[in-house]
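Input: structures, listed below.
First chain A sits with chain B, and in the next complex the same chain sits with chain C.
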Partner chain A sequence: MDENSSARLKRRLLGIVHRIGLFLAMLTICLPGLWIVLSSLRPTVEIMAKPPVWIPQEISFDAYVAMFSGIGKGGIPVIEYFRNSLIISVTSTIIAVAIGMAGGYAFARYRFRGKSSVFLGLMLTRTVPGIALSLPLFFLYVRLGIIDTHFGLILAYVALNVPFTIWLIDGFFRQVPKDLAEAAQIDGCTRWQAFWQVEFPLAGPGIASAAIFAFLTCWNEFALASQLTRSVSAKTLPVGLLDYTAEFTIDWRGMCALAVVMIIPALTLTYIVQKHLVGGLTSGAVKG
Partner chain B sequence: MATVSLKKLTKRYGNIGIVHGIDLDIADREFIALVGPSGCGKSTTLRMIAGLEEISAGSIEIGGRIVNDLPPRSRNISMVFQSYALYPHMTVRENLGFSLKIAGAAKEEMDRRVAEASAILGLDTLLDRRPSQLSGGQRQRVAMGRAIVRDPDVFLFDEPLSNLDAKLRTQMRTEIKKLHAKVQSTVIYVTHDQVEAMTLADRIVIMRDGHIEQVGTPDEVFRRPATRFVAGFIGSPPMNLHEATVDDGQLAFASGEKLPLPAQFKTNVATGDRVVFGLRPDDIYPTGHGISSGGVADVHQIELPITITEPLGNETLVFVEFNGTDWVSRMLNPRPLRPGERVAMSLDLSQAHLFAAETGKTLRS
Partner chain C sequence: MKGFKPSAPFLLLLPAFIVLAAVVVVPLLLSLYSSFTPFRLTKPETFFVFVGLRNYLSILANTDFWWAFGRTVLLLTIALNLEMLLGLGLAMLVEKATRGQRILRTLMMFPMMFSPILVGFQFKFMFNDNIGLVNNALQSLGITQDAIPWLIEGHLAFIAISIAEIWSSTAIFAILILAGLLAMPKEPIEAARVDGCTPWQTFRYVTWPFVMPFAYIAMTIRSLDVARAYDIVKIMTDGGPAGRTELLWTLVARTAYSDGRMGMANAMAYFSILLSIAFTVYFFNKLAAARTQIGAEW
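Right after this comes the complex of A and B.
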């Protein structure tokens, strides 16, 4: 075998190993999701079976039907939970992104005293686990009378997300060349116009990704929500999962079905927005 | 169109001075080039004129109106950036028409002016493309088009050609010159490339460390440099500069070599003066191979060893050893020369320069 043939063979073999590696990685990532979907469609006996049953014997949508059947018939107030989740997640995302844009822009564009310390301080807040704050927050919220309200949870989520959105959006504004805003000002824009006409559209994909992350954090958050909400009027979907636990039993099938219902909007939103997250939009702005 | 006047213009960042109170008057329709090495304050000066940097002291007048505190949009200027700064999310047409859109111009007016500018710069076929789909030269033209569309009082160029390759740079230089002839507006052009400055400008402002070293026409700054810095900065290859001491009608160099004191300086210096002797590569050449060979009065002959040669086709740069360093000379109608060979060199001392060693100022009266 000559040198070229063996190099070709080696390249092909490496390609195959590469693909197997990728397949295994994807399997590891996707399997839990697939397991939830499968579990929502089969009886509890099969879910609890040891060794696990990989291929379901029978598939039924009973858990989904029951979920919407109303209280007393195995149902839970899923519509209310969904509405709460949506209101809380969307509102807190909008606020966090708005603050993140202002903060990120300031960090990216302006020089001011204590800039690095403030930035570090913001990042350090991310090191505190949310659950550690839940008890102090609980007492505070009870005193303020905002326990078990949309407002209370929105406030907590905004605080949770703002450092992250600032950090992410700061990075995206840094990638937009300063020259562009200056060129816009020479072209007759005010600073404000230059931001909205030039810098915002270019940092748009970054802001969208910050929004997705913030939304998903709120949508999936359980620890704080389980402490700060009690009633149907404020509970979010992740907290709603607990409705499937009783004193001695856990309805795994129902819980998995609700988890699927929770995943669908998040997945859809991510799918819609990811198309806009194209990089390289700024290519061609400057230099050759 | 307008005059521009800088009076005691100063820029400081904290305690660090960048531009130290410069004065400059630019006439209407004049093409002026600010030139100097990196960090000399030329771009900062331009950005202050544009309104992109606040001024620390002094004043800027455009068209007789003081604009010190006016935002860029109120100065009726346009600027071409080194990075082009095209809006990547807009097509060429939208880039060109952006300033008109912001000003609220009617669509017909916008179309007409965009068409005019694109015709001047040959952008007609590119109007629907985005900047990322253009070559470096095309982007540069769009950036100029965007400046033209505004019909400004003053055009500001901030090293607009430095991102282009050598060939394109030469081509765009010619286009900028043609453009200025066509639009007849006041232009302030910043560059670190003295060739660009020489070829384009009516007058050149040479800056160094936040000060103006000399203002003059290309011919003036080339032939009568006011300082040693200007002499070394303008001209390619640069002027040969050597420290010497005046010694009884002669220039004595550190190596012990001597040259006659050029006649034009005889009354300006005295024995013992420390000076810097300067001679352009054009004014030193292997005998019989110079620009001015034949008929020049003050030609001094000296035999010097060749270190290296750089053939350029129609001419050869010959490096000869003098005073312990290389001296570059320009040889026309070249013949083959070998390193180490000693050749008779002609020094046209009537073209020589002398600068005071301490101050660097010219000793020409």
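Right after this comes the complex of A and C.
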């Protein structure tokens, strides 16, 4: 055998190994989610069957119908939870983005003393574990009478999201060249006008991704929500999911269906932002 | 310009400072104070009794606490290292793919957007000893006849939790490292190859130094959020069996809300806060060093 053909063989082998590796990795990533979707469509008998039934015999949307037709079998008011989640996430996202835009702009466009430590300080407020923060908040909220209300949770989530929103939006403003706003100011814009008419539209897609990211953080949060909400009037979906496990007979199919309801908005939004998100996080890591 | 004007960045950052002070800093000061009291939810008057360091001393003498603390550090060490390695591997696999890279990247992000509580539920379902996918598969393939008690036996439960944790967070590393790989200019690699570097040397001395800041960004982001393991453990085992998977955070929650011993719980919570801060500051410094090393502006 000459060197040429052995090199070719080696390359082909490597290609096959690469494909197998990629396939296994993607399988590991996707399988758990797909299994949940599949289980939500199968009758409970099939989920519980021994020996296991691998190929679904019948598919139905019963679990979803039961879940959304008022208080279902498990007595879990999914519609209310969904509404609470939506109200809380949307409101706190809007506020957090407004605050984050101001802060991010300050970091991207101004030089000031202790910039790096202020940034680190902001990030450190984010590191406080939700459960540790929930202790004093629980106590304070009870005193102020805002426990188990939308307002209380919105307030907490705004604070939760502000640091990371600032980080992302800072990155997006850095990508907009300074010269553009300066040129606009020379042409007679005020700084305020230059911001809204030049810089904001250019950083817009990035800011939208930061908003979606903040929304997802609220949508998925559990540690704070589980302690600061008590009843149907404020409980969010992740807390609602735990309701199912609290029962004596776990309704696996119902839980799977609720899980799918929770993940669909998240996945859709992720798909929209994926490109910008990475850009915002990494700008400043390398010159560019 | 006339008269005194507060600087623009200060005004711009003011709303952020106010919100964070109201919701994070002041409550934390309150909890710092209450960690020096024997405060119980059922006895509000105990809030004003000052006992000094008694809570902290009794925590330091508490073996359950140290087990939970050690377990938390162990879980984080295992999880963060494996996530880093797997993320790097995944990013390189995807980068090498010639076709369908866009769809691969989308799939890769998939776990990142799963709420931790969902990740916990999904693995609770899969690791269920009776109806779970893992045991069913093992039995169907004839590897074992018995139902392996994944979430019921202490060590296995720890492994199951680690797997859930790694599954959910590898994506962050993979995505950011991939961004680094894609942003990297190709000339240095070709030059290294022409100069006779082995693939390993090319990776170690050319690719890795370039990708490192991206890996540290991922580490920093990840360390901001290490406490989300609480959600996963809460739904998978709730600290059980018999406290064998108890982490710092579940212990805090149990002490505070089940036992109602707020003062003690706050003292424990401070340990968990310091742990998180230590992780973040460490990686943030690494990130800053990596940034200056490749000469980026900050």
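Here, the second predicted complex is superposed on the first by the 228 of 288 C-alpha atoms of A that agree within 3 Å, B and C clash if a C-alpha of one lies under 4 Å from a C-alpha of the other, contacts with A are read in each partner's own complex, and residues count from 1 in each chain.
Simple rule for what comes next: a residue touches a chain if its C-beta (ideal position, glycine included) is under 8 Å from a C-beta of that chain, and two chains touch if they have at least 3 such contacts.
Because the structure is predicted, anything quoted here is derived from the model rather than measured.
Contacts of A:Leu202 after superposition on the shared chain: chain B is touched, whereas chain C is not. Looking at the superposed arrangement, the partner reaching more residues of chain A, out of chain B and chain C, is C.
Looking at the shared chain after the overlay, A:Ile99 reaches chain C, while chain B stays out of its contact range.
Shared-chain residue A:Ile59: touches no atom of chain B or chain C. Of the two partner chains, neither chain B nor chain C is touched by A:Leu27. In the superposition on chain A, A:Ala184 contacts chain B only, with no contact to chain C.
Within the superposed three-chain model, A:Ser39 lies in touch with chain C and out of touch with chain B [touch as defined at top]. When the two structures are aligned on the shared chain, A:Thr125 is found in touch with chain C, with no touch to chain B.
Once the two complexes are overlaid on chain A, the chain A residues touched by chain B in the first and by chain C in the second are 281-282, 284-288. On the side of chain B, the complex with chain A involves touching residues 50-52, 71-73, 77-79, 81, 83-89, 98-99, 102-103, 130-136, 139, 146, 150, 163-164. For chain A in complex with chain C, the touching residues are 18, 21-22, 25-26, 28-30, 32-33, 35-36, 39, 47-48, 50-52, 54, 98-100, 102-103, 105-107, 110, 112, 116, 118, 120, 122-133, 135-140, 155-156, 158-159, 162-164, 166, 216, 219-223, 226-227, 238, 241-242, 245, 252, 255-256, 259, 262-263, 266-267, 269-271, 274, 278-279, 281-282, 284-288. Across the complex, chain B is touched by residues 177, 179-180, 182-190, 193, 197-198, 201-202, 280-288 of chain A.
Interface residues of chain C facing chain A in the complex, by the touch rule stated above, are 7-10, 12-13, 15-16, 19-20, 22-25, 27-28, 30-31, 34, 89-90, 93-94, 96-97, 104-118, 121-126, 130-131, 133, 136, 139-140, 167, 171, 175-176, 179-180, 183, 213-214, 217, 220-221, 223-228, 230-231, 234-235, 249, 252-253, 256-257, 262, 265-266, 269-270, 272-273, 276-277, 279-281, 284, 288, 291, 294-298.
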